[in-house]
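First subunit A sits with subunit B, and in the next complex the same chain sits with subunit C.
Let's turn to the complex of A and B:
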């Protein structure tokens, strides 16, 4: 057994890096959230909690928050269903399963920026692949300004987020499905249960831990989304896709309002913390039930 | 003994770690043992690095004791990280900045060295470097000159016997003729640069004032005032009549450019900076610049919009200000600036420049016209800037001009303290 000093010796470089790169910025962010620092000047004034008050009062902040919630709910619900369905199909011993699993997983290995750029071209209303395909297929009435229409832009990006990550979550479900003992399925079949009954009474309850992981991961990932929206719409049109992370970025790096952006980041951190705690609670419950 | 070894290893590991971390933050501009000074030149024009490197080589040959280390960031990265690098003085003895919010922030932080008495200022067109002056002193010299008005395809205009109109009715008639002939009148990148570019010429005569947005930011004028509601109404008129391509709000810069380059659109709502790029992609293209005049001919005060940008300054925290100024002086020589202009396809703010490409001459011809500094860049708060351009997107998305103006004003009101 290693003694304490040896343990510290091996931990210290990591701890130092973690403190320097994560703890220090977080603490200094909290500090700057009470100032009017512009991110450039060497001097600043303390402004108390006014940055927090301004954030909650801000029309754009409120829009960004509601967009965040809409985006998160859309992605979590649809991505969980899609990845579950894909897993149920591809967990079976079909000849094409390896190829299809690789195909669905493929978007996960691309960077978000590349995905955003590719889909920006696909969504382009004049020259893009999607509208061109719809028009060629006689479905002209379904063409749209996918990222230009304020009513659908957020959902168009949510679709891309789902496309990019559903394959990843499918793997989690497949692992969960493989962990279900075959005897239970066999017993259910012998008892004359239908496919749906087997899914509802056997598969789904035993998949609960996997589902909880998928929902938790997707919730946190979609809540702190940034790259896709930044690349595809930068929050537009007319704030329709502005979310908290893009709002904070704009405040800090376009408007040089570092104090206000730090307050926004702190609020975001608390929201994310609350969400994570709720997820862990659900995870524990899911694990216990499962 | 074991403990001593352990402690030594620990100290060694820590030293190595700190060395690695601190070396990453090292100062790149310094004096070497042979007395050579290295200055850092920080900017975002990655596409100009070859042209700049040639100029730097010439500078170094004439000034053997000065080495210029050029570093470029993408323009997004430049917005987000340049200020931190400049603040600690680690890079950017000579640095570039955007006019507007970035110049205002860097200036407020005292990062510019006063250039007021530098002899090379006389090489610049005095009217075009105002934007780098504050409180009677010249802090930065904008190097590039852009005319932010639509580009038009002269062959298409010729084909339909059209000339740049001098009033709003004429502009609408021109658009109608193009549309009737199956040509998209204006390729408009509504998803990114479009609103921020076209708003400049659309507003320049509706409120022919250089400080209207300064007044808006100070609470002395409102976006709900006639000048902006009228501008939004005219945007709506162009959109409702189908003078922009379909679904223009979803169109990005590259796609709008493609419509123009392919001859599907007669005008491109961007600026002179796009001329060289267009010519590169379609050498047959014949282009010129025109600004929509939104009032009657007798009320029009301005013919177009200009922006002096790529503002070069000397970092006040630089250890080598004299050498940095020497490099700035070199860049300001007419022959060097001409070389830069011709190799990069960018017009410059200096006098006595020889432009050798048709695209540069097109913009160069505008030097004698009555232009106003880009109104959008007079909005120093980027939240306000976004509120203004978003109100255009809101109108194109179906809102009434009055409502869009009111929503934008509500955001501006929150920024006024």
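Let's turn to the complex of A and C:
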């Protein structure tokens, strides 16, 4: 009964737009990664796989990779725990709790430029709120140059990332909690189970699909972070917060090494692809359990 | 147990609210009051920062640029995305699945990877520094997400109903426009809320494509303010407030859709 020709015609504009301005550029990135193009001049040479070799040999690239992993693990572990705890506390639909949910969620609608600027002021070593508060609270020994100290800068930004998105992940957990039939909890309570037992034997297993969603989403989000770091430290100090995306950006737009940067993007894409595949596997398993 | 929960609830509320309190009060303070005590209640209240920022900067222009780009991108994505999602549902079978996979494959490629070739492509075709091009590029990049979400929602609509429409002699366009689109209202709103936040707040693509000062979008303008007003914190924080206002209004009115959109969006990353 349907008209296939019309349906293809429906898809045509979107297909052209997506192919021309997304798929084609992404594929041509692979092409540039085998050249020594600087991004400006009209000519370039093919250099084979040397950009890939140079990437793996680069100390900054390796540092960026490990920073990516550190940032990702920190955000995933802490954000998942925080959002789960918040969800368990706020799952009931009372008026206060619904209001708090909206408040906790709120930072997610701010731009990362705004969030980055706000926290740059809070972290500012001399004028910033954090150090001022610590000093006035008699905790001077804990003041720090939060984004200027190579040992803590990456974690200071990870904290901001969690501040901005934990409320969003809390919503996913709350949705999961609301999907658990009330009778199950009721039955467990009547059988004399403690709160902790109910959580371990009833809530947690049934929450597994939501947990999988939160973990995999957070993993990918934090692995491809860019804006916050770009705004707050731009990779510094001394590459302490350089991650793969900022590394690629700097190579292309500060060093004019377009070919090398393209190779970096391709390696980044492969890593992200592996993470996504792991995500799909986990989602399928999580789905089967739920 | 109850007490621990309450304490966490209050502490987290403070953690979220304190920075927001700081930003909002600062925007109503004089610079002197700000430096005297960044956490104090504004005394006196002043709207001088808002006046200055609109005076010294083509702030309306930035606002208007962001509004135009965001509205056009979201409208374009909803229109093209819903057409594609409808076609995928109606085609079904292998063709439907292949098309779906082709579009959704784009979800794996983040803009940080496509940024370099995109930048050079746009320059080659002479589209740099053009807000129209910014709309097209942003819309193309968000189409995978739009198609994924809308297909998921439309799959829940009854296919028999669409078939019945066909049998009664309605054209595909009529079924899409008169039947499927109105029934998809809530899912379109949820997708729109999600897209609005992403486009309005986007930094990377505008940064790559736009360079003249009269074409900046708000996140770009904020980055530029930071360079110019290194020490004028109150003015900068006022810029942050102004940028957030439309999203806050949207959030208040569309809260329900925000949450469905965000959770739906979060499922696929």
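Everything below uses one rule, namely that the second predicted complex is superposed on the first by the 286 of 290 C-alpha atoms of A that agree within 3 Å, B and C clash if a C-alpha of one lies under 4 Å from a C-alpha of the other, contacts with A are read in each partner's own complex, and residues count from 1 in each chain.
In this text, a residue touches a chain if its C-beta (ideal position, glycine included) is under 8 Å from a C-beta of that chain, and two chains touch if they have at least 3 such contacts.
Since the structure is predicted, the reported quantities are computational estimates derived from the model, not experimental observations.
> Which partner, subunit B or subunit C, touches the larger number of subunit A residues?
Counting contacted residues of subunit A, the larger count belongs to C.
> Under the stated touch criterion, which partner chain does A:255 make contact with: subunit B (first), subunit C (second), both, or neither?
first
> So in the superposed three-chain picture, is A:201 touching just subunit B, just subunit C, both, or none of them (first/second/both/neither)?
Neither subunit B nor subunit C is touched by A:201.
> Using the touch definition from the top, say if A:132 reaches subunit B (first), subunit C (second), both or neither.
A:132: touches subunit C, not subunit B.
> Contacts for A:150 in the overlay, against subunit B (first) and subunit C (second): which applies, first, second, both or neither?
In the superposition, A:150 contacts subunit B only.
> Please work out whether A:237 is in contact with subunit B alone, subunit C alone, both, or neither, and reply first, second, both or neither.
first
> After the superposition on A, what does A:39 contact: first (subunit B), second (subunit C), both or neither?
In the superposed model, A:39 contacts both subunit B and subunit C.
> Applying the document's definition of touch, where does A:13 land relative to subunit B and subunit C: first, second, both, or neither?
It touches subunit B and subunit C both.
> Of the two partner chains, subunit B (first) and subunit C (second), which one does A:268 touch, if any: first, second, both, or neither?
In the superposition, A:268 contacts subunit C only.
> What residues on subunit A does subunit C touch that subunit B touches too?
6, 13, 17, 20, 39, 127, 249, 252
> Could you pull out which subunit A residues touch subunit B in their complex?
5-6, 9, 12-13, 16-17, 20, 38-42, 54, 57-60, 120, 123-128, 144-150, 233-239, 249-257
> If we count contacts the way the header does, which residues on subunit A are in touch with subunit C in the complex?
For subunit A paired with subunit C, touching residues are 1-4, 6-8, 10-11, 13-15, 17-18, 20-26, 28-29, 32, 39, 85-86, 88-90, 100, 102-114, 117-119, 121-122, 127, 129, 132, 163, 167-169, 171-172, 175, 195, 213-214, 216-217, 220-221, 224, 226-227, 230-231, 245, 248-249, 252, 258, 261-262, 265-266, 268-269, 272-273, 276, 279.
> Under the touch definition given earlier, write down the residues of subunit B that touch subunit A in their complex.
6, 9-10, 13-14, 17, 21, 79-80, 83-84, 86-87, 101-102, 104-106, 108-111, 190-192, 245-252, 255, 258-259, 381-383, 386, 390-391, 393-394, 396-397, 410-411, 414
> Flag every residue of subunit C that touches subunit A in the complex, lowest number first.
On the subunit C side, the touching residues are 1, 5, 8-9, 12-13, 15-20, 22-23, 35, 38-39, 80-81, 83-84, 86-88, 90-91, 99, 103, 106, 108-110, 112-121, 136-137, 139-141, 143-144, 147, 163, 166-167, 171-173, 176, 197, 200-204, 218-219, 222-223, 226, 233, 236-237, 240, 243-244, 247-248, 250-251, 255, 258-259, 262-263, 266-267, 269.
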